[in-house]
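I have placed the structure first, in the form of C-alpha cells, so that the comments after it can refer back to it.
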Amino acid sequence: MLGQLYTVGSLRDTESGMAFAVKNRLFDATLVGIESLRVDGDDVPLGHVHLAVGDELLPATTVSPVRPLAFALKDVVGIHVEGRKVGTGTHTIDIAWRSDPFGPLSFSVTDSVVERGPRADGIPRADDNYSTDVIAARQRYITEKTGVELHHVNQYSFDPALTHGNVENFTGVAQVPIGLAGPLRVNGEHAQGEFLIPLATAEGTLVASYNRGMKVLNESGGVTVTVVDDCMQRAPVFIFDSARESRDFKHWVDEHFAEIAATAESTTSVGKLLYIDTVLAAKFAFLRFNFSTGDAAGQNMVGRATFAACSWILEQVDSVRRFFLEANFATDKKASQVNIMRTRGKRVVAEALIPRHVLSRVMRVHPESLFYHAGVANVGSFLAGVNNNGLHSANGITALFIATGQDVANVAESSAGVIYTDLTPDGDLYLSFTIPSLIVATHGGGTALATQRECLEILGCTGRGSVNKLAEIIGGVVLAGEISLASAISSLDWVSSHEQYGRNR
Amino acid sequence: MLGQLYTVGSLRDTESGMAFAVKNRLFDATLVGIESLRVDGDDVPLGHVHLAVGDELLPATTVSPVRPLAFALKDVVGIHVEGRKVGTGTHTIDIAWRSDPFGPLSFSVTDSVVERGPRADGIPRADDNYSTDVIAARQRYITEKTGVELHHVNQYSFDPALTHGNVENFTGVAQVPIGLAGPLRVNGEHAQGEFLIPLATAEGTLVASYNRGMKVLNESGGVTVTVVDDCMQRAPVFIFDSARESRDFKHWVDEHFAEIAATAESTTSVGKLLYIDTVLAAKFAFLRFNFSTGDAAGQNMVGRATFAACSWILEQVDSVRRFFLEANFATDKKASQVNIMRTRGKRVVAEALIPRHVLSRVMRVHPESLFYHAGVANVGSFLAGVNNNGLHSANGITALFIATGQDVANVAESSAGVIYTDLTPDGDLYLSFTIPSLIVATHGGGTALATQRECLEILGCTGRGSVNKLAEIIGGVVLAGEISLASAISSLDWVSSHEQYGRNR
Amino acid sequence: MLGQLYTVGSLRDTESGMAFAVKNRLFDATLVGIESLRVDGDDVPLGHVHLAVGDELLPATTVSPVRPLAFALKDVVGIHVEGRKVGTGTHTIDIAWRSDPFGPLSFSVTDSVVERGPRADGIPRADDNYSTDVIAARQRYITEKTGVELHHVNQYSFDPALTHGNVENFTGVAQVPIGLAGPLRVNGEHAQGEFLIPLATAEGTLVASYNRGMKVLNESGGVTVTVVDDCMQRAPVFIFDSARESRDFKHWVDEHFAEIAATAESTTSVGKLLYIDTVLAAKFAFLRFNFSTGDAAGQNMVGRATFAACSWILEQVDSVRRFFLEANFATDKKASQVNIMRTRGKRVVAEALIPRHVLSRVMRVHPESLFYHAGVANVGSFLAGVNNNGLHSANGITALFIATGQDVANVAESSAGVIYTDLTPDGDLYLSFTIPSLIVATHGGGTALATQRECLEILGCTGRGSVNKLAEIIGGVVLAGEISLASAISSLDWVSSHEQYGRNR
Amino acid sequence: MLGQLYTVGSLRDTESGMAFAVKNRLFDATLVGIESLRVDGDDVPLGHVHLAVGDELLPATTVSPVRPLAFALKDVVGIHVEGRKVGTGTHTIDIAWRSDPFGPLSFSVTDSVVERGPRADGIPRADDNYSTDVIAARQRYITEKTGVELHHVNQYSFDPALTHGNVENFTGVAQVPIGLAGPLRVNGEHAQGEFLIPLATAEGTLVASYNRGMKVLNESGGVTVTVVDDCMQRAPVFIFDSARESRDFKHWVDEHFAEIAATAESTTSVGKLLYIDTVLAAKFAFLRFNFSTGDAAGQNMVGRATFAACSWILEQVDSVRRFFLEANFATDKKASQVNIMRTRGKRVVAEALIPRHVLSRVMRVHPESLFYHAGVANVGSFLAGVNNNGLHSANGITALFIATGQDVANVAESSAGVIYTDLTPDGDLYLSFTIPSLIVATHGGGTALATQRECLEILGCTGRGSVNKLAEIIGGVVLAGEISLASAISSLDWVSSHEQYGRNR
C-alpha cells in the first residue's frame, strides 16, 4: 500500500522559533545537502536551521556529501528554525535538498498549528504497541466499549511482537479451524512427492470434498503442475498535455528501458524489472511494470522500485504534467482481464489424466458427464461474464492462503481460472486448471507468523526458492477440488435424469 | 457445495445374501413406499428386502403412508436382500420408492465389491472425528510424515466439537492476528452509532490505513450505509432438444412461478424465492433462482430449495433432456458481471460527504486531487477490464470476513465494487462505494466459532435480524479504506509534481 | 438519437417588440393553456403574447382545453411579444403551459441575439433540401472544395426525396456490391423454405464462404432458427440525495409499473412496455425499460415512450435530484454484457445437426476437428475477453444489414454471439449459434430505401409481422458462415499436422 | 478469411488411370521436387505421374531445383496417374514434395468419387463470373425464384469486373444514401486542414447531429487527432502434451523472434512483424502476432505471414501436437478486451478543448452538465460491462466505413472507445475519445470500388501513406458525434429539472 512520500507534522512554535518534523515515507536515502527552506513563502537563512537526529541537533549547513545524513524509510528528522514563529493556522513549508541516490528533491507541504480536538480514536496505544500491557488495555477497552468479555480472541500461542509489520493495534487472534487433507501426490518441477494439505476453513464439506478429489488424482498417478509465468506489477500513470506527448513518451520509455530497470532495481536486492506494458488512452500513458520478486509476493517491493524508476523518469521527461503511482491498471486485489491475460503473481497450470475407471469408481460418474457439463458451463460462464469458467478454485486457494499466511485479500485476483477438459480416444478424462494470477509468497507478509510458518513447514515450503513449490501444491489442490465438485454436479444430472425417467413407471 | 443426492455404498455379500447402504444427500424426506428393487437388472421380490434403521430391520413391504420411514438429510439406510449374492465386481442397483414431499423417485446406481487396496488417505479418523484422541493422532501423523512438530497450530481455546459442520479432519487452527480499528461512526438503518472494528490480517499498515480513513469519516459526521438489495442464487440449467423448447419452457416457468416458489420454499423455514432470471442460449435455459435467506449467507439453503423446485419442474415438463443444478450462471465464489449487475448477497452502498478542511487536515490532500485521480483511474479500470473501479475494498472485506467467520472464499465475488466521487460546489467531496455482491451472514457457517462469535459480538451483530447491520458496518469500513488509500495515492501526485518542478531550480 | 425537448431559437427584436420560436422536440402533444411567460425574469402580460401558427397569429390567452393548439413533434410555434425589446446579448425566457397528455410543463431556456459570424458550415442547403438543384449544388461544392469530380457517388436510381428522414444533406450514394448466395433452407417459425441471400460486401471470399456453409446446411436438411426473446431498451438514470432514496424509488417503480407502462405506451401505437430492470449503484437508479416494438428496431419509439414515462415519474417523485434519459446502461451501438445477458433487439438461435458424411464431403473436415477447435477457441475467447466465442458472425450480419437497410452501426451489439457445438453418439455435429442482441427491422429506418426494399422483397420480408422472419434468416446465414470458417480453420490443423508428421520421412 | 491450404478436388478415373487437381491455398511457392505420391496407402511410381500445368503435361520426375514449377497462391495443378483407377468411393492421397521457400511438405487428403446429386446452389455462374450476361442471368434468377423485379439493385455506374476480389456472384449494388457534413477542421499529424465528410447512412438526424458537433469543434479551433499505435494480428494456437512444453515453447519463440519475423516477412513486401504476445493456458500457447501493414487493413496479409512463420516453427519444434491458425485470441470482427488493451488496427485519440462559451452558444449546454453526465455514465458503463464508455462512436465510424470501402464488419471491434472529459479551471471542457481498435485501409479491400474511391478522394486519402490521415479524420468525426449527443442528453437533464421545478408553481 502506498503512503505519502514525505510528510510534515508536529508543526509548532518553540521558545526560540518554530519546529516541525519530516518523515521519510519513500525509501532509504541519504541526505547530502540542504539547499533551501521557505516558510510561508519566505526564505529562511540556512544558518538558522538545525536538524534533530536522535538527541543531537545538526546545523543544516553541515550536511554535505562528505558528512551525509542517513534518512532511511520511516525515519523522522526534526527541523528547528531559530527566530521565526508561525502562530495558529495553516502554513506552507518548501524544502529543497539533495539526496543519494535520488538527486535534488524539492517539495512543498502544509501543516496546521491547531487546537487539538478530542481524539477521534480512543484505542489504547503505547510506544511499544505490542507489549502485553497495551494489548491487555485494548482488550479491556473492548469490554468497556461493547460489554463483550474476550475468552478466545485473547488466546494465542506466540509472542505478539512477532506481528510487528503484520498488524497494527494487535489485540488477539482469529482462530480459524484447520482440517487436514491429503496426502496429495504432486508431480511438479519444484514440488515432487506426497503432501499433507492443511486447509483453514469454516465451510463444512470443503475438506472432505477436496480430499475426495485428491484420492482421484492420487489414483491417477498424481497431478502435474507447472508454473508457466511469474511477475508482479505496479502500474503508474503519466499524464500529458495531449495524446501526442503520451505516444512519444511511450517510445522514450522503450528506448530507455535499461536505465529505467537499473533505477528500479537499485531499490531491491531481489526484484528484477522484466518488461513494461505501456497502454495509451486519452492523454494518459499507463505503464504496467512487471517484476520478478523471488519468494515474496512483492507488492511493496515493486511499489518502491516502480516509484524510484518513476522519479528518475520524471527527472528526465519535461512533458509530464501529472503522475500517479497507481490508477487501476495493475490491478491489485481485484479480478481483471489484464490479470487473466498478462498474469499477476504466478501463472500455474495443474493437469491430470484421469482414467475412466478411477473416476467411475471413486466419484461414481463417467468422464462424458463431466465433459458435457464443462461445455454447458462454458456457455453459462460466457453469459455471466465471469472470471473463472471452472467451479470453485477460490475455496481451496482461500483455505491455503489463510493457513500459510498469504495476503488473503488476494483471493480477489487469485480466484480467476480457466478450466479445460478433453476426452481421450480411450474415454479417459484430461482435466486442466490454469490459475492466471496466483499471488503467493513463502517470505514476507504473514508467512513468518507462528501457525502460518508451521503450515508452510508441513508443506515443505520454507527457505529460499520455495515459492514455486508452494504455487505448484496450490495448483494441485485446486484441481482436486474441481474434479470433486464437477463430479458431484454431474452425478446430479445422472440421478435427476433417472428420477425423471422413473416418474412414468 | 453440492453432493450426490443418494449414494450407495458398502455393497457386500452377507451370509444370507447381500447388503448395501443408501445415504440421503438430498434433503429431508419421508419414505412412504418401496416400489421396486433390481439388482443387475433382475427384480428382487420385495418380500426378500429389509431396511436397517438403527438396530432394527424393517420389512420393505411395510413402508407406507401410514407407516412412513423418516429419511433425513445425511441419514443412511441399510438395505438387506435375502437369497441373492453379488460377488466381486461392479453391480447395478435400481431402486424406486415414494417419498413425501417429492413423490415417486427412482434411481440407478452402481457399486463395486472390491478387494480394498491400500488407503489412498492415511489421515487418522475415528467415529467421533472431533475427539481429543483423534486430533492428537492427526497431529502426530503430521509429525511422522513431515517431521514438523506442532507448537502453535495445535493450540486453540475452544472445544473442537464446535467445528463439527465447519471442517472435517480438524487438526488445529490458524491464528490470524487481529488489529483493532475505530471506533467508526456508522449511520445505517440497522447499524447506528460507533463501532470498534476487529480486522484479522497479516498485511502491515492495513489497520493503520483503515483507521486513518475512519478518522476522516468520523470527522465528517460518520458514514451513511444502505443495503439496497439482497438475494442469493442457485442457477440450474435445463437442456432441451432445441432452442424452441427452451423458449417455451421459459414461458412455462413464468406461468408457474407460484408453484415453483411454493415447492422451493417447502424446504426451508427462512428462504423465500423472490424471482427467477431465465437466460436462453443454444438449447439451454439457465434459470437463476433468487432467494432471500435471512441471517444466513444461504448458499446451501438455496441449493436445496432450488433442487426441490427443479425436481418438481422435471416431473411436470417432459421436454427436458438433461439437467444440472449448476452451470456457472450463479456465480458462486467467482467475480462476474452478473453479480455486479444483478446482485449476489447484499448490495451495499456506503456514502459520505467529506468537508474539504477535514480531508486536507487529516489526509493532507485536497478533494480535487482525489476527484481527478478517480477520473484517471476510471480509464485505467476500463482498459484493465476490472471488477472494481475503486482501490482495495478486498482488504477490509477480507479482514472482517476472517474475523467474523464468513466464508472467506466469497471474497472472490465480494471484491467487486463501484466507486463514485463528486465535488460539491463548496469544494467538499462526495464519496460513495457500492459493493454489489457482498456475501455475509450472522448465522450459520463459521459465525458460531469461538473467536468469530466474539468478533460478531464486538460489532453487536448476533441474533435474529443482525445480518444487515453487519453488511452496513462492512460497507462503512470499506469506504474508510478507500478514502485512506485514495488520499495516499493522490498525495504522491502532489509530492511528485513538486519534486518535478523543483528540479529546475 | 436524442435531442433537446423544446428549443428556443430565432430570438430577435421586431418592430413592435420581440419574437422567438419554440420547437417541440419531445413528442406529440396538445397545448391546452398558456400559463406564464417571463423574459429575463420579468413577467410578460399574456395579453401581449401571440402564437404564430402557420400564417395566423393566435392570442395566447385563447389557448384552452376547448380551443387546444396541436403541437406535434418537430412543430415550431413562433411567439411574438408586444412592447418589449431585448437587444444584443443572451436572454432567458421562462415559459409555463399546460399540455395534453403531459399536464403542466414549465421550462427555462436562453438564447442570444448575436451578430452572426461567418458560417462554420458552407455546405449548400435549401428549404427543400432534397431537390435536384441543391443536391447538384452540393456536388459542385465538393468539386470546388476538393477538386474531386464525382462520376459515381452522384449516380443513383431513386428519387432523393425518398431519403427524407434517413439522411440530411443528401449528396449521392455509396454503391456497395451485392453478391448472391443461397438458396438457404430455413426451418423457422416465420421463415420456412428456401431463401436467396443478397450480401452487400467488399470483402472477397465472403459470399463464397457463406455459400459453402449454406450448402452444408441444405444438405443437412436446413437450419432451424428460433427467435427466443425480443425487446428494445432505453435506460434513463435517476439521481437522488443518497442511495437510500434510490432504493425506495426502486420499490416505488415496481409498485407503479402499470401506470408507468400506460404512460409510456400512450406515445406509441406499437410499443409495449414489458418490464423494467432497475439497477442501483451510488445514489443512482438506472432503469432499463424493455419494450416490444413490432417490425421496427424501435430505438426512437422507446426513447419517446421512456421519456414520457420519465416525465410522469418526475411529476410524482419529489426526491429525484437529477435525471438523464440515457447513461450507458441501454446499451445502444455498443457491445456489452448486459446486451448478451438480457437481450437487445432479437435473441436468435440457429441450430443444425450436420451429418458427418455431409461435413466430410462438402468441407473436407471431420466433426471431431471442429468440435476440438471450438473447445480450444473457448479458452482463447476467455483469455481475450471477447463478446463472441464464435468466429465471424459480424461478416454475414453486416452484409445483410447493408443490403436490407438496417442501421449498420448496430453491428456493434449485433456482433455478439455464443457458439455451442456437440458431437452426437453417431459422430454427427450439433452446431448452434445464439445472437443475443440482433437489432433488425422491416419497417422504419432505411428499410424503405430503393435497393434496400428490393432486398427485403427478395427475402420476402416486407409487410406487417415480417421482422421475425428476417431475424430467422439472418440467424441461418450466420450459422452457414460459422460452419464454413470453422471447417476451414480446422482443416488447416489437419493439413498442418500432416505436414509436420511428414517432415521426418 | 482462412481457407484450406492445399485442397484436392475433381478426383476421377480417366481412360488411362486417374486424375485429380491440387489447389494452392497457402501462398506463393515454387515446387522444386516431387518426392512421393500414395493412393489409398499404395506408393505410385513417380514415373507414372504427370503434372498438368496449363495445357502441357510435365513428368513429375522432372521437377527439380533447376527446373522448378511455379505454384502461386490459387494456382491449380492437375495430377495424372497412369495405370491406376480408383472407382466410386472415398480415397486417400498422400503427397510429399519440396517447395521453395518452405522446404519439404507432405500432406494427406481425401476426396470422393461420387454421383453428383442435384446442385444445392442454383445460382447462375460462368467462367467469367463478372460478365454482363451472367449478372443478368442472376438477376433473372432472382425474379424467377422470388417474383421480385429488380429496378434499383441492378443499377450501378461502374464496370462490375471492378468487384473481382471484393465479391462473388456479383448481382448489383446496395445504394446507401450519402449525406455531406463538415467541413471539419482537423489538426492531425497527417490530416491538417478542413475536410468535407461523406457519411453513408440511413439513420435520420445522424448527419445533422455530427454536423452540429463539427461546428463546435471548428469554433474551438479544430480537433487534434493522433494515431498512437498501429498493429494488426493473427493469433495461432499451438497445442502440446502438457503445459510444461507450452511454457518451454514460449521461451523458444522469444529466442527465435528474428527468424520467425524473417520468415513471416518473406511473404509480404509491406508487413513487418513487430512483436508476439504469447499467452499460456492449459496445454496451449496462444501467439498473437502483431504486424504493421502499411495502408492496408492487413488481415489477409498477416494471415499469410503468420502461417508462413508457423509452418517454419512447426518444422523446428517437435513437441507441437496440434495447431490452429486462429482460436479467438486475435480477435477479428469481435469486440474484446484484448483489442481495447493491446490495440487492433489503429489506436486513435481525438481531443479538443472546448471553450464554455462555444458549447453554451452552439449546443445550449454548459460544460459542467456534460462532465457530470460523463461521470454518471461511467457508472452505467461499468454496470453494463460495455466496450465503450462513450456514446455512439459506431454511428460515425459505420457511416465512414460504408462510404470509403472499409470492411464494415470491423465495426464490431472499431466500436470500442474510451471517452475522457475534464473541466479546466476556467470552466472549459477538455474532451477526448480514444478508439483503441480502428480497422481502416486506403489500399485493398473495397477501397478501389467506384464510389468508395471517390469518397476517399474527397477526404484526400488516396495513395501511399494515406491511411493514418484517414484514421485521424475518422477520429475527429467521432469526437464531433460525441460532443453533439452528449450535449443533447445533458440538455435533457436541464429541461427536465426545470420541468420538475416548474411543477410546483
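Should a chain be cited, it is by its letter among A, B, C and D, assigned in written order, with residues numbered from 1 in that chain.
By definition in this document, a contact is a pair of C-beta atoms (placed from the backbone, for glycine too) under 8 Å apart; a residue touches a chain by one contact, two chains touch by 3 or more.
As the structure is a prediction and not an experimental result, all values here were calculated from the model.
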item: Selected pair, out of A-B, A-D or A-C, that shares over half of its residue contact pairs with B-D; value: A-C
item: Higher-contact pair (C-beta pairs counted), C-D versus B-C; value: C-D
item: Taking each chain's C-alpha mean as its centre, the one farthest from chain B; value: D
item: Centroid distance [mean C-alpha coordinates] between chain D and chain C, Å; value: 25
item: Chain centre separation in whole Å, for chain C relative to chain A (CA means); value: 45
item: Between chain C and chain B, distance of the C-alpha-averaged centres to the nearest whole Å; value: 41
item: Residues of chain A whose C-beta touches two or more other chains; value: 279, 281-282, 284, 337-338, 341, 372, 378-379, 381-385, 389, 418, 420
item: Chain B to chain C touching residues, read off their complex; value: 189, 224, 226, 228-229, 242-244, 246-247, 250, 279-284, 337-338, 341-342, 347, 349, 351, 385, 418, 420, 432, 434, 436
item: Sites on chain D touched by chain B in the complex; value: 337, 340-341, 372, 375, 378-379, 381-385, 389, 418, 420, 422
